[in-house]
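In the two complexes that follow, chain A is the common piece, with chain B as its partner first and chain C second.
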Partner chain A sequence: MTKAMLAEAPTAFALQCRDISVQYGEVAALVGVSLAFAPKLIHAVVGQNGAGKTTFARVAAGIVKPVSGTLAIGGREIPTGNVGQARAAGVELVHQSFALPPSFTVAESMEFGAERGRPVFSRRGLEKRWQKHLENLGVRAGLRDRIRDLPVEAQQGVEIARALVADAKVLILDEPTAVLSPSGIEKLFERLKGLKASGVTVILILHKIREVLGVADTVSVLRGGRLVEGPIAVGATNARRLSASIIGVQAEKEIAADEAALVGATAGDALAGAAPAAAINAAPVLAMQRVVTRADSEGPGLEEVSLRIGRGEIVGVAGVEGNGQRTLVRVLANLVEARSGQILLEGKDVTKTPLSERRARGLRIIPFERNSEGLSLSSALWENWSARQLLLGPALRLINPSWYRNACDASLKEWDVRYHTTMQAAGSLSGGNAQKLILAREIDADASLIIAAQPTRGLDVGATAFVWRALRDARARGCAVLIISSDLDELFDICDRIVVMLSGRIVAEFRPPYRLGEVGAAMTGAH
Partner chain B sequence: MKDSLLAVARALAFVVLALALCGVIFEFAGYSAPEMFQSIADGAFLNPGAWEGSLRWAMPLFITATGVIISFRSGYFNVGAQGQFYIGAIATTFVVDFLNGYPAALVVPLCFIAGVAGGAVWALWPGLLRVRSGADEVITTLMGNFIAGLILIYVTGGVLKDPSGTGQVMASRPVAAAYRISSEVGLSPTIVGAAVVVGVLMWVLVNRTAFGVLAGLAGRNSTMVVWQGARMSRLGIAGFVLGGALAGLAGTIEVLGPNGRLVSGFLPAHGFTAILIALVAGLSISGAAIVSVFFGGLASASLYLPVLAGLPAAAIDIINAAIALFITARAAPGLGWLTARRRMIRGA
Partner chain C sequence: MEEFVIATLRYGTPLVYVTMAGVLAQRAGVWNLGLEGLMIIGCCAAVLGLVQTGSLLFGLVLAVALCVLASALLWFVVERLRANPIIAGLGLTGLGLGGTDLAVQAIYGSQATVNAPYGLPRLGPYFGDFGVLSVLVAAMPFVVFGLWALLRRTRFGLQLSASGEHPFAARSVGVSPARMRLIALCLGGVLCALGGAELALGSLTIFAYGMTAGRGFMAFSAVIFGAGHPIGSAAAALFFAIVGAIGIRAQLAFGDRVPNDLLLALPYLATVLGIWISARFRGGAKAASSFGELRDY
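Moving on, here comes the complex of A and B:
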């Protein structure tokens, strides 16, 4: 891709927006963004979390109405904030969190994604109608399969196929790689290149530079709701320059050490973590021995999982989502029963011990779902913060709420949480501050084993760096840390050791220097 | 404290809206709305002696409402206060009937224990069904109300039946004067004392104990407290049992106090009015103390209207229903559900 090729592009842009501004309450999500995308290319829009990428995608798809600005598809201006018009003009959006009804079959999803479904239909008729469409796109999913039963990659394939049932000219994908394994990402990119060849303009919302350089023709960078640069041909830029413009000059110093990992620009090799000081030889803080659980609605069961974590060691769990990571955390929390095997905490058998007692022994959990498992959003900050301590003594003991409010106040200040009063609801905090509130509760002097499940998902670069620092500090104090993440850059950056989970088993273990190819192969069972 | 009073003020604004709606209904029904409201205010608070009547109704309602608040706060929609109230009253009557003749110092405390225990048992089984097998507590407690109402008919027509009764009303033998805790007026040191003790204890429980804070968290998001290591089954059972015990206590007070006997089908709206009080008070104990007096006034006025003002007592039912409507609309869970639903369909 060269500048000359871009210049040859016809004057009618596939999608062009001028001076778009979006306001969410007091927050400006986009400020005067003007972008024009040439047809039949793959365009990437990058930026940190909170930079306005998803908002941009939603404006382009007509879901969000900007306060100002215009939108033109194929050279023809259409009213903003109108999904019907945008779809009629050929714009389709594949959401970051999939939006197909889980109880629908694949054929039903296709039918009802079509602009004009028929009022009367038969199951067999539907299946016949959509067979070809799926085959043409190379999506391997049975037409009778229910969406909820499909593996993530097939689900995404169906989502894309759904977006293409009408005659889509512009396909927008919001963070499509977040749920995929490295090989799944490769397959996705092949599929997108195929679409490009057949004349579709693809706009990819991404946050990893490595992926952008691998697939896109042009790249545009958003930061803090403003367009920093773009679209520029990928050939005219490089990882260093992109990461500088994604992060910005001011933030750069603060996070210099982690910069490459934060923007996903690592080549995939190297990055040796600080080696643990002979920790592994001492008695492990956590020892799981051949733990087996039943499969349930939340994931596959564990099959003879053995895992040891020593004092002052950060162990990462890599794997494609849905391969037992949630079950692993739940069995450690005693929220799912271990059918056989043993769990030892500080040398003590806690296999049958309830969570409250495990917590009293130093177990701390930063759960997967910040807003449901981690916090009660409609409850006050101080109540959320105090919950762990309140559970330590007898339930009927008298407490002094103002003591807890003051302690919460002091702790949240220490953790740099931005809030107004400890009486405000936890739901009023931003994602990063909400996560810091959980850290403030879970990382204390008595913690001996910290389980952090997707601790930085949805956080911006600054908050992510903060979380990593907190976990490293905990390690320095002698805590054992287990971190579960689908972001390999994150794991490579902070883990002393990485294990890979596949179908409820631990299938591989790696030590630095990590190689993306090897870990990726283990994640998909391809080694 | 300030926050909860603010919440009550906000809820009372909805009550005013409900009253405005009632005014429209009264006018359409051919009554003068100002006259109707004037009569209600007279009957509830303004006439000489009206306060006494209002407080007589407010005390038991407040006690039952605090139980409802405990249960709702811990996240369980125990709408069985009516049935628990009945079973408490029945258990009390059994004790007072079979121990007739023993000294009051023995019988009266036993009556209280029986009432509390009866109410607690009637809340325990839906609680167990809920936490053990996930049976919807709205259904089970509502069924419990019907069953309790039928048990009430059964015992007042059978074992507890007053042989000298007229046959028009099925009722137990009158409680002997020695065991009564108040006259027909229904206000006595014992009853006021019980209401104050319950109010203070429940306020402390909700606002000044670990249980209160944790139950509040659990009521808003049980998943979160489970991840903190709480056992929801224990919290839930405690909420159910406490709620039932307090409704049962109110049953004891009605039998030994103003009613003086157990009448088939008595006070059929007691438990539901208590639920309304809990909701209008925004599940705050101190708020419920104020709101109970308001609803006690309405209950008192519903007796006054037909007798002294020649107006239909159904006006009070209309007011209660309108308040229920507006309080439910305020919570508006349906609205949130609808928008979420629409978003999903649009995304698909």
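Moving on, here comes the complex of A and C:
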């Protein structure tokens, strides 16, 4: 199959790598990957998290130097690990988390990576130089706007425009859809098709099969740093086959759950086990009433947010990132003050109650940033694990480390965390295991309200399924669960109810069966 | 009034030069706490070079060479040996203070101040009362605006700023943040040498042990107060200088009725105030939270 495709393609590949291997310390990120992409098509590279997709993109762009292998652009071999050479040959990479200095203006962002032009410029000259470029690409952003003030979709537009300042022949985009709303994704794909028509070869790093089948001409699959298949024409495969080759051979049942995560099956089992509406309204675990907060550096303030979550209910918060989701979590954690309104936990007013007391009443938080907010990476596993209990007691209470170590050991085994010893630093765990450690700490018998902020971001399919199962189990025990996620497929699968946040407000509420179009429209304020 | 302006410029000019070195380093991603050390190396090398050879030019060249060398050393320790920049910078300050003292003792056998036969060229009578100031004072505004233009109106400057603010962004357009930091630190070394020379040979003609008296740290604060902006930071440095000049005037006016030490402490108190203001109103504390880590992802 692969050979046939290669033979069909024209002689000079837009980008060809042979036998690329990358080693990060002990970990082999890529092993002998050979891939060739025909020019003027949209190619997708797919795989689970940790499959080596991003590493592959970075090797192609010259940012990561492989230990072995060669790289050829347009039939001409270039040295590996040299960004300047790769850019000169026409390869540009748009990063997953954008790589533009936040304090730069849009015009400056164009200029700092440009090749030609006057070395000294005036502000007006600079804006004149890039005006046309942005217009041609249909990027709507003022040239004087600062990157940090732009919404993510505009930031991505600017980043793509930045990548195209030179004469790009190969444009690689690393997970470009992760930050976008459904309509933003559609616009991005339109833009990419336009670029393809103008002769640019596009390589998309993706992990959602639905998107791949919608936009790409060919698809290649990476798994565990190795090329599984590809590039194969998209017409010659289907969602089922692709997910099988992405996941690999596993137990049949596990695949079913994992497939849902990959393909993005709607409905799922969200209806099963949902609490009746009457019970929710009778005694909600969490009731926020017209909560207002001030806007700060971390996002817009909340504007009259009212939200009720009942016992045994999973409520999802959808929305384009930066529309107040973080503030919502921070106000519940008492990290930002509510200027007006009320927060009731189990019927008691906790609006002015410190976090420790809220935690004592059953509030549990799986925070957005597991490496900075969720864990102390330099502390031992048992210290991280016991932090919740330790912080509740009096400051001068004597503790018995060996008791905590044993308890931690038992708990982590139960949560299937892979580790060496409870004395090792939390920073030595992989992303999935680190998240499980947080789950082991936060989901306990006394939990009544669990806030899970982006609980599966950056996790592979297996770990994602594990987190979902843990949250569903918590629901079955009668916990109220609030999930904040930018992955709509995830929310559709697991939530009994979804609310949509836009500019600090809750603008819409949905119940299953969910329709992508409706939720997407609410996210962008188009409904 | 003119006297007051002259006193301010005398106090402020060395400070502004060193502040500009701090701005360059901060923009490139290094919080340079070695400014104090670099400045005193500049003072000492300029004076000793002048005294030993009788040539002012040689003194200046020696000061520039040693300051650039010391800056490159800081870069090597921070960038190549991955040392914490704060600790490495403080180490450089210690090296400067101790090293200059050692040099004076080794050459003259005592810790006495070293007197130079003459100082930097003066502006001359054409400038009236301001003629007593050195040429470096007149050059200062050009250095400040030149640095601003370099940072914000050239591609080189944008790449340098990107190296500090978002090293990965710099790397992904083919710029080496490490190289940019080396350039920024070495250029800063030149500015520190000039600042040191101005302090020792501008209005005085001496070198004394520890004569920088914390001005390097004051410059560091001016960088924070001015949020790393060349003009804002220069303004902050001049604000500290104004407070210093007020202190000098107050000494003359009050004589013994107010303790001298208190008046001499005024610019330092202003520095603390400046840091507090920038933390309170401009998120300076947030900038400070990235102290000590060299980001390169």
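Methods note: the second predicted complex is superposed on the first by the 489 of 527 C-alpha atoms of A that agree within 3 Å, B and C clash if a C-alpha of one lies under 4 Å from a C-alpha of the other, contacts with A are read in each partner's own complex, and residues count from 1 in each chain.
By our rule, contacts are C-beta pairs under 8 Å (C-beta built on N, C-alpha and C of every residue); 3 or more make two chains touch, one makes a residue touch a chain.
These numbers come from a predicted model, not from an experiment.
Student: Is A:Ser103 in contact with chain B, with chain C, with both, or with neither (first, second, both, neither)?
Tutor: Only chain C is touched by A:Ser103; chain B is not.
Student: Between chain B (first) and chain C (second), which, if any, makes contact with A:His95: first, second, both or neither?
Tutor: The answer is both, since A:His95 touches chain B and chain C.
Student: Answer with first, second, both or neither: which of chain B and chain C does A:Gly393 touch in the superposed model?
Tutor: Touch partner of A:Gly393: chain B, not chain C.
Student: Let me test your reading of the model: by the given contact rule, A:Pro119 touches which partner, first (chain B), second (chain C), both or neither?
Tutor: The answer is second: A:Pro119 touches chain C but not chain B.
Student: So in the superposed three-chain picture, is A:Thr177 touching just chain B, just chain C, both, or none of them (first/second/both/neither)?
Tutor: The answer is neither, since A:Thr177 touches no partner chain.
Student: Does the superposition put A:Arg87 against chain B (first), chain C (second), both, or neither?
Tutor: After superposing on A, A:Arg87 lies in contact with chain C but is clear of chain B.
Student: Touch test for A:Arg359: chain B only (first), chain C only (second), both, or neither?
Tutor: Only chain B; A:Arg359 stays clear of chain C.
Student: Looking at the overlay, does A:Thr237 come into contact with chain B only (first), chain C only (second), both, or neither?
Tutor: After superposing on A, A:Thr237 lies clear of both chain B and chain C.
Student: Given the superposition on chain A, which partner contacts more residues in chain A: chain B or chain C?
Tutor: On the superposition, B touches more of the residues of chain A.
Student: State which residues of chain A lie in both footprints, the one left by chain B and the one left by chain C.
Tutor: In chain A, positions 83, 95, 99-101, 104, 112-113 sit in both the chain B and chain C interfaces.
Student: Going by the contact rule set out above, which residues of chain A touch chain B in the complex?
Tutor: Residues of chain A touching chain B: 83, 95, 99-101, 104, 109, 112-113, 162, 333, 335, 354-359, 365, 367, 369, 372-379, 383-384, 386-388, 390-391, 393-401, 423.
Student: For the complex, give me every residue of chain C touching chain A.
Tutor: Against chain A, the touching part of chain C is residues 149, 152-156, 158-159, 161-162, 165-166, 168-169, 171-174, 283, 286.
Student: For a test of understanding, state which residues of chain A touch chain C in their complex under the given definition.
Tutor: Going through chain A, the ones touching chain C are 61-63, 82-84, 86-87, 93, 95, 99-104, 108, 111-114, 117, 119-123, 297.
Student: Would you mind writing out the residues of chain B in touch with chain A in their complex?
Tutor: Touching chain A: residues 3, 204-205, 207-211, 213-214, 216-217, 220-221, 223-231, 234-235, 238, 344, 346-348 of chain B.
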